[in-house]
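The two complexes that follow have chain A in common; it is paired with chain B in the first and with chain C in the second.
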Partner chain A sequence: MNIVVAIKHIPSIADDLPVKGNNVDFDSVDFVLNEFDEQSIEQAVLVKEAVGGTVTVVGVDLIGELDNVLHLALAKGADKAVKVTADEPGADSHQQAKWLAEAIKGMSPDIVFAGVQASNDLDGQIGPMIAAYLDMPYIGGVSSVEAAEGTAIVTKEFAGGNAGKYSVSLPIVVGVQAAPKPPRYAPVSKVRQVAQTATIEKISPSADGAGAGLSMKKMAPPVVTGHAEMFTGSSKEVAAKIVELLKSKGLA
Partner chain B sequence: MGNDVFVITEHMDGKFSDVSFEMVGKAKELAPALGGQTVAVVLGSGLSANVFASDSTIYVDDANLAQFNPEAYGKVIEALVKEKSPRLVMFGWTATGMDLAAWLSARTGKPCVAYAKDLCIENNTLIVNSQVYGGKMIAEVAPEGDMAIVAVLAGSFPAEAGQGSTTATQAASPVALDGLKIKFVEAIKPAGGDVDITAQTKLVSIGRGIGGKENVELAEELAEKLGATVSASRPVVDAGWLPRTRQVGKSGLKVKPKLYLMLGISGAPEHLEGMKSAELIIAVNTDKKAPIFNVAHYGATADLFEVAEAMLELL
Partner chain C sequence: MLTTIEKVIFILLALVSAGFTIHGIKTIVDSVRKGRPTPELKNVPSSLLKAGVAVLFQRTIFKARKVLSTIHLGLFFGLITYAFVNLVDVLEGFIPGFELIYGGRNFAFTFLPAGIINAFNLIADLMSGALLFSIAVMMMRRFVVKDKRLNYRENVLLNPKVKAGAHQKDSATVGLFVVMHVAARLLGQAYRLDTGADPFMPIASFLNSIFGASQTGLHIAWWVSIAWVLYILPYITRSKHTHFTVGPVNLGLAKQNPHGQLDPAVPLKVVNGNHYDPGAKFLHDLSWKRVLDSYACVQCNRCQDVCPANFYGRPLSPSALEVNKRYLIKEATFGSHPDRLLLPLTETVISPEAIWSCTTCYACVRVCPVGNEPMADIIDIRRRMLIDGAEIDSGVQNALQSLATNGNWMSKGKRLRGRWAKEMEFPVKNATEEPVENLWFVGDTASFDERVIPNTKMVARIFNQAGLDFGIMYQNESNAGNDVRRVGEEGLFEQLVEQNMQAFGKAQFKQIVTTDPHSFNTLKNEYPQFGGKFEVKHYTVTLLKLFEEGKLTVKNKLSHYKVTFHDPCYLGRYNGGFTAPRKLLELLGVDFHEMPRNCENSFCCGAGGGQIWMGKVAPGERPAENRIREALTTFEKNSSDKKQLFIVTCPKDMVMYSDAVKTTGNEGKIEVRDIIQLVAEAVGVEMPIEAEPAPSPA
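Now for the complex of A and B:
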């Protein structure tokens, strides 16, 4: 089975996001793999382990640092890694989806996996857009995939613990909410070894534009309308204040 | 091109979700400013669709639409939108709307704004506020062109304003729905057997900050001392540290306990959807700019392990 995983390298939200003009200052933030892509890589490798095939991971190299992420994916069980060398840190989802769709088209995939969402999906997620550009169906919010020749059974999650089971004809694009198992761990030694030996295929981005059509007015932290009353002091003092509060409200 | 606001409603087991009414209510504010009407769009089978306060309701009744099917729903919505040319199409940023909004945008070439928290009309221009980067930033954007697609976070507007009794106009599907590549097989109901976190009066809720499965025990000890139950945000469940029955948030359960004590949860919009109505919210997090501190009643920038251990000694 020909399995493709489309990934997104996104600004890390572990730290504050600096602003330049009316957008994030992409030159001064760290980029990390979208957390849902870790789930989708795991799901892809699980399908390969169940039915055989190859897993190709493909992403847009926005800042010239995608190799680290691709090496990690290879160490976790992906077979091939491809990057679209764009060098455009602020490329939106539409543009990335367009480039990725063009890269994926020639791979004749049976299943394309993508993370269900990313925190910077201002203009929507790449998964449904890749599906639209490739004229394939899309199903997202998926938490399990059992593939067979030409078909798959997928479980899609809804709110409140509800889910639905769907039968799909391949090829299809699947937005992964969570893999059935926690993403596997790749030891640093293995990632280093992969980094020394792996070949990453490079694809130049086509000139074909697909702008999001959004005029950015402003990017700023939320205007705070309310804020928690903060307990200060040492951890012990904080604990004492919380316990006192709970006791005063009859909750402890 | 038209000026109407289409609201793509959603339902499960014959019941429309709150976000549908929330969007209709908001659309009623926006439509007059755009010079159009509010149109609720219902896709399903055998539904009572006369429940919205919209100017009109289009109800496409087809057996293939009885349960949500992203392929069938996408085809019908694309055909309706191409035929009627609304100015604005609103989806919920939900398990269903997330399958459709960006797809429709790529299919039609019209702009899409996800994670939308608010919409308004300024000088005849539609402005959308989007809560991106896990709630750490608000992007203010103006979608260009004659049609915009907006996917709205649940809980952004009051639902009451969208509730009404407008008679739905039933229509056959505008496109053939045979030969679908995606077929609904069966519904899976929530797993039983575990405690029901929606029925608990006190929850100790843990997030990514708990660090590993081996640390869940500390939260369990604290919960036991407080007569509470342990719940969690999505990353904890995805990592396999707690079962999915304990997940609070958009893809988990909505809770409204008397006490929601949060350890190491930053407060992404998806989590807030599930717990913001709790009566007393206390958050402990090491990131002093974590969005949760804008929602919690009390908070502390502190090490959750030290705080939890100190609380155990005092209880």
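Now for the complex of A and C:
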């Protein structure tokens, strides 16, 4: 089975997000792999382990540091890594979907996995748009995939803890919400070994702009407006304070 | 004394016995040699000699169980005496006129004065009594009183033979041997006394007064006594009683590197061009020393007694690990299951759950009388499990992932590491930008954990007030890797060491000061192997020095506090840092009370070796909770209405024990404080005027 995983490198929010002008200050922020993509890599490797095949991981190299992420994916069980060398840290999901689709097109995949969304755009567009560009069906919110020759059983999550099982025919693009198992750990020694031996295929991005056409007006950290006041004391005292507060606000 | 036929039979039997014994010894040597190389041992003869002396004085067993250890003295000296006694017995049997009773009255050889012979008789006689008494106590303990400490928890993985009580049978056999052998020998001597009592053989004389003298009796007793020896010698090479001989040898070959330095995951020395994968999956992936450990093991369970994981009801028993190894080898060599050596250790000697329960507290290694290191096996097995992609606890995995990307386990950005310092009322130097005398290696918990940061700031204030020239490395500091290594992630450990070594390379400093005992341990004991040649001090030592130099002075004595102190494993047991914190407490004038388990015997808080990262919390009384109760009992014995404090010198302890005070419902009775809080109160630290800035939204 020919499995492709489209991944996204995004600014880390482990630090305070630095802002420059009306966007993130891309020079002083670390980039990390989108956490839903971690799930989708795991799902891809699980499918490969179940039915055989190859897993190819594709991503857009926005800041020239994607290799680390690709090495990690290879250490976790992916077989091939491809990067689109865009060097455009601000490229939005629409633009990235276009580039990714162009890279995937020639691979004739059976399944393309993509994280269902990413925390920077939060628009869940990568998967559906790749599907549109490649003229393949899309199913999102997926929590498990069991593939067979030409078909797959896909579990999709719904609100309220419900899940639906779909039988889909391949090829298909799958938006992964979660893998059935937590993503495996790749020991650093293995990642380092991969980093020394692996070759990463490079693809140049096409020039035509396919962005969403939206532009950022302003970006700023949220303003802190006062703190919560904690009432302390016995339950009676606390109750009295609450009543008093409600009264002072004219609510009781 | 013996007839010619008897002599021939004896010689034949002795040859058979020797053959089996030699085969037994050879089997041991062969299986030990199959293990991997250990780090090089220096000056082996002298350490063997030292171990011999330690064993002669039975020093190592007295680390625990004082009463039983005293009884063991009887067995030990009794059996040593009996090695000579048996020799004499054989000579008495073979050489006409060789008889030592009555001061050698019938002794045909004139070179030995009667005084020496009498002394020998007296010692042999009394030692026989001591042996019988000691073995009776030991057998009572095992089979009648059924000392619980000799059992294993239900959930501990045991070799089926052990589970069926093979080790008990083993003890019974040897116990029976000692009883029969010694009793027969005593009786034999009694039968020899044909002219009444010999004052130098009180016990034999007493028996003689009952049974009289008899040549037939003598022959039978001689044979019973000696036949047992011929049987037991080969038996011993196949039983737990190899500890008689392997124990001392093992002690002599024990690790020479610092306690706090783990052996490498892959041997540094390659034998016969072998390829080694990191860590251990099968028995012979362990170093030969770990294989020898299993032969040395007495199965005394002293290690299990002190194991915090075992206390906590986890399926881990360091002694079961050794016993299982032993029976695994036995089945493969003397039994019919060499194939079992090809099963992973996680199926044959220790369960994966047990593997992940070890806090790497070192208590098992410290207490073991024969120098075993069960903990080293555990870490080697973890190492291979990680490489082989075994499923690991999600909490541990998150921590490792964050360590790989952020250099800390708390999923915080690198740049947040020095945030607390930027909030200080005075500038805290960046040691990677300007020279400092003391490079303060802060550690993850003290840098990021909101509960601990006030103490971190207090340390900075005290250092500042004392005029100590210090700086931190801000975002250039990474986790030192102590617990990463002990979780078994050797590659990540090396990566962290590289990052820190790079940062140290940018900095100019005279020495490193740490607030975290875990960082302290690896910086001091393991970084030298990666080129880190620097002096490392724990902050308790630095503080003490500041007092001694008069840079800090106690303004208010703290006699209104009743205080006990918890030795952190990585400061105390690993690195012997017992005195500085105690001297500090003395200087501060607190009312100090030692808990029963202190210094070397300190009880682990349960956080080490990656346990603090575990996502799952097992039910049962946690080690930290037990420790808080121990502190309270200590205080109860010295009751007064002073405020009761539990003093720690490790940021992880601050978190662990504050938690334990809450979960045991003891808030208000006891408070956990870092020693720095007491120092601050005693020296009267100048606090900033404005309140602590509120944490800004993450």
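Convention: the second predicted complex is superposed on the first by the 219 of 252 C-alpha atoms of A that agree within 3 Å, B and C clash if a C-alpha of one lies under 4 Å from a C-alpha of the other, contacts with A are read in each partner's own complex, and residues count from 1 in each chain.
Simple rule for what comes next: a contact is a pair of C-beta atoms (placed from the backbone, for glycine too) under 8 Å apart; a residue touches a chain by one contact, two chains touch by 3 or more.
Only a predicted model underlies this, so the values are computations on that prediction, with no experimental measurement involved.
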{"item": "Touching partner for A:99 - first (chain B), second (chain C), both, neither", "value": "neither"}
{"item": "Touched partner set for A:192, first chain B, second chain C, both or neither", "value": "second"}
{"item": "Chain B versus chain C as contact partner of A:182, first or second or both or neither", "value": "both"}
{"item": "Partner chain in contact with A:122 - chain B first, chain C second, else both or neither", "value": "first"}
{"item": "Which of chain B and chain C A:26 touches, first, second, both or neither", "value": "neither"}
{"item": "Which of chain B and chain C A:167 touches, first, second, both or neither", "value": "first"}
{"item": "Partner chain(s) touched by A:16 [first = chain B, second = chain C, both, neither]", "value": "both"}
{"item": "Residues of chain A touched, compared between chain B and chain C (which is higher)", "value": "B"}
{"item": "Touching partner for A:222 - first (chain B), second (chain C), both, neither", "value": "both"}
{"item": "On chain A, positions contacted by chain B and by chain C", "value": "14, 16, 181-182, 221-222, 224, 227"}
{"item": "Chain C to chain A touching residues, read off their complex", "value": "278, 386-387, 389, 391-392, 394, 397, 400-402, 404-406, 411-416, 489-492, 494-495, 694, 696-698"}
{"item": "Complex interface listing, chain B residues touching chain A", "value": "12, 17, 67-71, 74, 94-96, 98-103, 105-107, 109-115, 127, 130-145, 151, 181-191, 202, 225-226, 234-235, 237-240, 244-245, 247, 250-254, 258-259, 261, 268, 280-284, 287, 289, 291-303, 306-311, 313-315"}
{"item": "Interface residues, chain A side, partner chain C - complex", "value": "12, 14-16, 30, 32, 181-182, 184-185, 187-192, 221-222, 224, 227"}
{"item": "List of chain A residues in touch with chain B within their complex", "value": "11, 13-14, 16-17, 23-24, 35, 39, 93-94, 97, 116-117, 119-125, 127-129, 131-133, 137-141, 153, 155-169, 172, 175, 177-179, 181-182, 210, 212-232, 235-236, 238-243, 245-246, 249, 251-252"}
